[in-house]
Structure formats: structure tokens, C-alpha cells
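Two complexes are shown next, each including subunit A; its partner changes from subunit B in the first to subunit C in the second.
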Partner chain A sequence: MTSTAAARSTSLLCVFAICRSRTAAGLPAELPTGLPAGTGHARGGPLTVLPIGDSLAALVQEVPAEEFTEQALQQRLADQSTLEACARAHHAAVSAAAALGPVVPLPLATLFTDRHRARSVLAESLERFHRVLNRTEGRVEWAVKVHLRRDSRPAAEPSPPEPAPAGPGAGRAYLSRVRGREQDRLSRQDAARAAAARVHDAVRGVAAGSVQRRPHGPRVTGNDRLQVMNAAYLVEEARGPELAALVRIMREEVALSGVDVDLSGPWVPYSFAEDVEDAEDAELAGERT
Partner chain B sequence: MDNTSVRMAVSGTAQLDVPETNPAAYTPGPATTSLAEILERILDKGIVIAGDIKIDLLDIELLTIRLRLFVSSVETARKAGIDWWTTDPALSSRAAEHALARENEELRERLKELEQSGSGSGASRSGGSAKEKERT
Partner chain C sequence: MTVGDVTVGAGVVPWSGPDAGAPLGVPLVDLIDRVLATGVVITGDLVIAIAEVPLIRLSLQALLSSVNERVPAPWADGGPL
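Then we have the complex of A and B:
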């Protein structure tokens, strides 16, 4: 941990999240209760609370300037292991704060030269922060992913075709088999897509909002699964068990068609931290590619 | 950074099915939460504040990592049938805008790669074709 005197001249201020003052109230000026020591970026100072306006506070940390300049960050974040360490540190700090009350998570590497700068810039967004806090208070995010197992075959799959006779017609038979396999693949994907739509409709019924994210590629899912839905839902904390039960039912319903339904969470409502003002939940900006 | 390191970093977490835990406790443990899930949340989401350090999180190197983690083209996704929400009128216009922006990003990235491999050796060219395979 850097000494305070040295930190002042050689550090930047990293902001993780915004919360209400009453969430931060009663916390000591340094290392808020409930936040594990060492939470935050490696080689940074302790997490502290910076008052913003009358009723909000930012969760901040002094970090070594040389590691967080634009150039240093571009290099460090391009390295898989450093990116992962930074991402997990950020996520841990945001999650720790969220356990104390509603938060507005800020994107990774939101940095200011000092506390005064942070204060004055963040104070310009007080209303936006309040809107997000009001919207997400008492709610959590759950991720639902739907995968098609690549090895799966529909229950009613016909037995493999007879070996093609040699001679005239063999080429046509071959093409027909290829076409058959392609159609089989497409119909399985259609079925998975339909299953995903059913899951989405069901889960939407217990959610206050939803976001469709870009599905993960094979590097994340493995080659044996094709991800057909990667969605996030904003759900009342109390409805967690209801959601879990619903997902279990949906999972059983679609399992026969080779489709998996995974539930992960609860997450801090990252996907719903955008300032939507008076937009409908369904209109939330998200990755809907 | 090579492909192996990416795979190692994300393998084993992809089929995560987090147990239905107490909603009040945000403790998705580092060992059980996939990097892709965290990145898509902390890079793309939330209110963006213009900080004093202007780091473009879509910086080309970082983007490369992200492209490796996610389906690399809208067209691939569409072919795979990942398009049912585009028929939802509430989503489709935003989706189209977003898709276009993504495509642009990806094309710029691809162009840069091609320019680099054009001036580079045969080795970098074969790297490019390996990457091409990944995307299909």
C-alpha cells in the first residue's frame, strides 16, 4: 500500500460506483465496513467514500498513476491476465458496495486526477444517478443463457440412411444425404431458437426489465454448445426463488430437444444501470445484435 | 498473447450454472464467474462518465480479446439463427443500429489486421487465416 504522501503526487483516483450517502453513512472514512481489506485494484490504496452532492457518495480508490495512464492501461488491458485481474477487482469492489445498498456501477477504469476533479465531474450527473438508484433499488440482475448441445439429436430422428448403392444415382443419393444433414442441423437450431423464445417469455413474466446480450462464441461455450440466447433480467430480490423454480421447469421442458438453460446470479444490476429516464424497461439499451 | 492463454482463462467456467443463492449476497466468486460475463457487464454497461484519463475501452487490442470471446460477426449470429428478437418491434430498431455499429467496429478491426498482415511475414498471414476459421 502506498504511503499517503507519495500517493498524493503519483496516484490517480479510480471510481467504482455511486451509492446513496445513507448507504455510505456510518462507514469510516477509510475501508468501509463490509468491504474486505484489499478490495480494489492491486497496488492501490484502501477503498474510501467520496461525498458527491448532498445525498450521494462515490466508492473510490487511489491507484498508482503509472499503471493507469492512458498508455499504460491500453497495454495492460490488452494482456489477458491483467485484464482479468482488473476486471475481477472492479467487479469485487462494485459487488461489495452493492451488498450495502443500491449502487450505480461505473465502467471499468473511470479515472480522475484527484478527488476534487472526481467530485465536480460526478456532481454533474446527480439526477442520472438518482434515477438509476431508484430503478434498481431492491432488484438484482440474473443472467439466463440458452445453449443447443451440438451433439444433440431430436428425439424423433430417423435412423441413419442405408448405405448408398454404387453406380448410377450414387451422387444424387450423396447430395440428398448432405442436404438431409443440413436440414437436420437447421431444424435443431430452429427448435433451440423457439425454446429460447419460450424461456425468454416465461422469465420476462417475473422480471422488471430485460436485456439481450451478444451470445458468447465457442471460446467461452466450448465447441460442444451453441449459445442461442444470452439475456439479463432485472428481478425483485424477493422473486429470486420464483425465478429459480421457473428456470428449473423450463430447463426440464426443453432438455429433450438438446437445449440447456443456465441461470447465473444474482448480479449487481450492471445491465440496468443506464439512465433510461422515462423509457420502458423493454427499451433499455443493450446488446441486441 | 496467444490463443491458448485465452482458452485457459475462460475454459471451465463456460458451463457455469451458479446455484440459486441468497439474492442479498453478491458473491459470484472469482473462481466460478466467467470472465466473459464480467467483461460484458463492466465494459459495456452503466452510465459512462468522462474521466480525466481518456481510455477507449474499445481500443484495438482489447477489442481483439473481446471478439475472441464473443460471436465475432452479426452475420454469423444471424446464420446460427440468433435473430428471433429482431422480429420484436420494440427491439428491432435499436438492434439494427447496434448491429451496424458493431459491424463497423469489426470491419475496422479486420482492415487493420489485413493491413498488418499485408506488410508482415507469411506467419502473420497464417495467423489471420486461423482467426478467420474461428469466426465461421
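Then we have the complex of A and C:
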């Protein structure tokens, strides 16, 4: 369906983000002015602003249809360097608008056949966009990740396993060692999760919202670290230094138990683009602590 | 192909894109996690649901772990998995 529709025209419209019209007014009608050359997807047209309703606008770009059909995307994004280039192009466009005012980022490759379709579909979500813009205005996202180092051992290190005694009882001794290691492993993980909970409680104190994202797997973290928390916090722009200082303190506090705390940001509030009723008090979707 | 291979380990991938407004040293894995898995999903018959593209879904599964309260960590002292 999508592929057939796309095949009929030579270009598709890629939507990066929604912002207020007055934010868009800060963007020239045809961007590359003021934007580094090449912002947007490679081989696409210039970034432009598409008015949505009375007071909102979408940051859009015409992209070659043949590169953005479902089939073409499957192939292109399966290539690591293309995936990275697309992700960075998307982020650069979103960030360009975010530098001028609050934005609602859309996921990578949100595509329409043309401007009319984009306007009519996006116009159905005007209220939702306004709520998200109001919530994220003046705020940025910070990512806090907590890892347990795999080589970590509790301070009271049990003596290393003795060589297995031969003869009767060897089997039982082996099982007991295995149980001991398992206990040790579980208690370290429990300690790391408790540390993560402490970090979360502390950081939440300076945040207007939080989202627990699914932790990254060992293919990302490496086998030497277990990710126990992958959280995002919505924080007033001015409170960034306060947050950084807090994370430094927490990092020192939990370091002895083999736990690392990483902070990255400020991000465009990607993780807070979902609509949330009663934003300030709501426990966000996915929130689990 | 795995997204996980993009950044292996804790290293931060320096930002090399054209965007001066981006955070310094954007961890690529965080970026891909965000641009693929967040944002307001607009449903419409002309929108390609990228997360539903099978290869991308596979990539996301590689990127994200099943570690949570219910599923124990995949590694023991014997090594991962």
C-alpha cells in the first residue's frame, strides 16, 4: 500500500518535528539559510516549514521517493553507516528547530506522499501537539544510565574457590560453590538495582518528569557491564548544572559497589514527546519505580 | 546487522555531524534509541511505521535488552548467555 503509493510520485515528504508558528517564524521560510548546508536527509530538498492549523508548523523536507519506500528503507537502514547518517540527519533537523523553541520530535522517517496529506493528518493532532509543547517548553532531556561492572565484587570478598577436593564430597562441594557464586551474583545485582533506585529518587527531585526506557543489552554495553537503569528526565534548562552536580555526588556514592552512573544531554526532549495527561504529576508510561 | 555494533562498550562516540546545537559527544546508541523509538507516532495510511519494518525491529531488539525485573540478567559468572 505504502510502497505502491510512493512509487507513483518522485518525492515524499519527510516530517521531522512540529513546533509553534512563532518558533517557525524564526526559521527562514526556506532553511538552509542559517542552517549548516546539508541539514536534512542526503539527496533531499531544502528543509522547509509547513503551516499546520493556525499556530503550529512542521519542519519538513522533500526526499527522493525511491529511497524512502518501505522496501528501500529496509535495505538502506540495514546498513550501519546509512542508519547512522539518517539518525544524525534527523537529529540535526530536530535540533535546528529546538534551538528556537519547544518542538515535538517525530520518529525517524515519518513520511507522507505530499504536503496536503501531511497537513491534513497532522492537523488532527493539534491539541496533542500543544500539550506536549507546553510541557516541554524551557525544558530539556537528560539521560541517566546506571551500570553494574561485571568485575565488581562486594567489599567482603569471599576467599577464592579452593581446588576441588578429590574423592567423596567433591560433587557436593562443587554444587555449593556454584550456589555461592549464584548468590553472590544475585546480591550484586540487587545492590546495583538498589543503587539505581537511589539515583532515580535523587534525580527525580530536580526533574519535571521521568521515563524509564528499556535498558540496553550486552551487545551495546559490552559484556563487562550490565545496564540496570536507562532513564530519561525532563529538566528545566537552568537546572542542568544542578543535575550534573547531583549526578557527580551520586556517582561517588555508589562507585564502591561497582556501579557506574553516566549522564548525557541536554537532549531535545525525545522521550517526552508522548502526550501525557496531567503532565506534572503523572507517572509516565513505562515508569516503574 | 546490529545496531549494537554501532557503539560497543561504554565509549562515547564524538558528534561529527553538522549540527552545532547537539550535545557534545552524543552517544550514538542513545541517539538511535531516541530517533527510532520515541517521538509522537502519527498514524496515517501514508506513514511508514519504521519500528514495524522487520529489520529495524530486529535491530531494536539487538539494541535493547530483555533485562527487567521479570527476566533475569543474561549473564552469570560463566559469561554472557
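Rule of thumb we're sticking to: the second predicted complex is superposed on the first by the 261 of 289 C-alpha atoms of A that agree within 3 Å, B and C clash if a C-alpha of one lies under 4 Å from a C-alpha of the other, contacts with A are read in each partner's own complex, and residues count from 1 in each chain.
We adopt the following convention: a contact is a pair of C-beta atoms (placed from the backbone, for glycine too) under 8 Å apart; a residue touches a chain by one contact, two chains touch by 3 or more.
Note that the structure is predicted; figures quoted are calculated from it, not measured.
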Room on subunit A for both subunit B and subunit C (clash or fit): clash
Contacts of A:Ser125 with subunit B and subunit C, given as first, second, both or neither: both
First, second, both or neither for A:Asp190, with subunit B first and subunit C second: first
Touching partner for A:Leu263 - first (subunit B), second (subunit C), both, neither: first
Which superposed partner A:Pro241 touches (first subunit B, second subunit C, both, neither): first
Touching partner for A:Tyr233 - first (subunit B), second (subunit C), both, neither: neither
First (subunit B), second (subunit C), both or neither touched by A:Asn223: second
Which of subunit B and subunit C A:Phe68 touches, first, second, both or neither: both
Subunit C-contacting residues of subunit A that also contact subunit B: 15, 68-70, 73-74, 77-80, 83-84, 87-88, 90-92, 95-96, 98-99, 104-113, 117, 121-122, 125, 128-129, 132, 143, 189, 213-222, 225-228, 262, 264-267, 270-271, 273-275, 288
Footprint of subunit A on subunit C - complex, ascending: 1-10, 12, 17-23, 25-42, 44-48, 50-51, 53-56, 59, 62-69, 73-77, 79-81
In the complex with subunit B, residue positions of subunit A that touch it: 12, 15, 68-70, 73-75, 77-81, 83-84, 87-88, 90-92, 94-96, 98-99, 104-113, 117, 121-122, 125, 128-129, 132, 140, 143, 186, 189-190, 192-193, 196-197, 200, 212-222, 225-229, 237-238, 240-241, 244, 262-268, 270-271, 273-275, 280, 282-283, 285-289
Of all residues in subunit B, those that touch subunit A in their complex: 1, 5-7, 9-11, 14-18, 20-21, 23-28, 30, 33-57, 59, 61-62, 64-65, 68-72, 74, 77, 80-82, 84-86, 90-91, 94-95, 98-99, 102, 134
Partner subunit C, residues of subunit A touching it in the complex: 1-2, 5, 15, 18, 36-39, 68-70, 73-74, 77-80, 83-84, 87-92, 95-96, 98-99, 104-113, 117, 121-122, 125, 128-129, 132, 143, 147, 150, 181-182, 184-185, 189, 213-223, 225-228, 260, 262, 264-267, 270-271, 273-275, 288
